[in-house]
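Labels for the chains are A, B and C, by order of writing; each one numbers its residues from 1.
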Amino acid sequence: MTSKFGEISISTSKRRQIVDITGDVEGFVKGCGVADGICVVFSLHSTTAIVINEGEGGLKEDILRKIEADYPHGAGWHHDRIDDNADAHLAGTALGPSVALIVRKGDLVLGAWQRVLFIELDGPRSGRRVMLMAQG
Amino acid sequence: MTSKFGEISISTSKRRQIVDITGDVEGFVKGCGVADGICVVFSLHSTTAIVINEGEGGLKEDILRKIEADYPHGAGWHHDRIDDNADAHLAGTALGPSVALIVRKGDLVLGAWQRVLFIELDGPRSGRRVMLMAQG
Amino acid sequence: MTSKFGEISISTSKRRQIVDITGDVEGFVKGCGVADGICVVFSLHSTTAIVINEGEGGLKEDILRKIEADYPHGAGWHHDRIDDNADAHLAGTALGPSVALIVRKGDLVLGAWQRVLFIELDGPRSGRRVMLMAQG
């Protein structure tokens, strides 16, 4: 059994943006030497999230619209006195930075309509870091 | 150390429905040969979710009522032009398809009031697939 | 490869409260003998949650205010007839009791502003239990 570490670097161009990182995670899993096991995808940032869903363009807009409605910017949050991004932290807290995936026969296990999506909540930023650990 | 794969098949009869899969996951863990380790439960669908909470009947109705209130059907979502289920995708994105559990001494570690719940968000459907990977 | 189990005990003094358990989780990981691998943090309760975000004081107040707004106490939930805490179960369902973390070179992998936060949703309580499993 082996543990293999990887990392993805992401740059974003908007305040809120969805980046499909499925290909990067699949490529890492294929090359890491794990046949059957687990892969954890973990974003190093409090104002980003990792989710799993379909990558259809309209749906990605819907997800961002829903986040904006549920976590409005500048709604009198305490944290905005320190750093004007409490809404991004609140969405990041609820959506979460981490997802546990399954690896089987050397491939990432995903449904036909499932993609691994990185959500930027306080961009634009360069050098966003997503850590990967596969084990099996 | 070993990695063991399993699968649960679920059929649902309503658009939104909670199915308690604790017994299936516990049975898999007991039979998989892992003493101490991790078990990932992962649903293959973008319009379902896996959560952990109490299985009390009234609470399960409350969870579905809350999902319906937070993710109303047909609220002008872009994705509804392609497939009339954006609300199900949005709830699935927020709740998530995956949960990481702990296995100890050959048993699933759960609190007295915790159950593993599969949430159907766009049923009824047959052949919903939940993947399991235990490792330890 | 090894699997190592640990446990944290938490007492809370308010109905809703955030307890930073990063130091406990980091201490466990440092002492558990895992170099590269995965650590699952799992709360045994249906009315608590584990999240990852910044530990700044104002933000912690914002998180609790947001939970209170999204999951109001006594809003006519079915489960309140049995136990007057449906709001706590609903927040616990959405936020989740479990998070999968990465261990690298014997240390927990966290971003500069990320903390592991235990959220009490139905306190005050003593003896809240958070289970830890590191593997690698």
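Operating definition for what follows: contacts are C-beta pairs under 8 Å (C-beta built on N, C-alpha and C of every residue); 3 or more make two chains touch, one makes a residue touch a chain.
None of the values given here were measured: they were computed from a predicted structure.
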Looking at subunit A with subunit C, do both copies bring the same residues to the contact (over half shared) or different ones?
different
How many degrees of rotation map subunit A onto its copy subunit B on CA atoms, rounded to the nearest 5?
120
Here the gap between subunit A and subunit C, centre to centre from mean Cα coordinates and rounded to Å, is 20
When you check subunit C against every other chain, which residues touch at least two of them?
1, 38, 40, 94, 96, 99-100, 135
Could you list, by residue number, the parts of subunit A that touch subunit C in their complex?
1, 3-5, 38, 40, 42-46, 71, 77-79, 81-82, 86, 89-90, 92-94, 96-100, 129, 131-133, 135
Under the touch definition given earlier, write down the residues of subunit B that touch subunit C in their complex.
1, 35-38, 40, 51-54, 56-59, 61-63, 66, 94-96, 99-104, 109-111, 113-114, 135-136
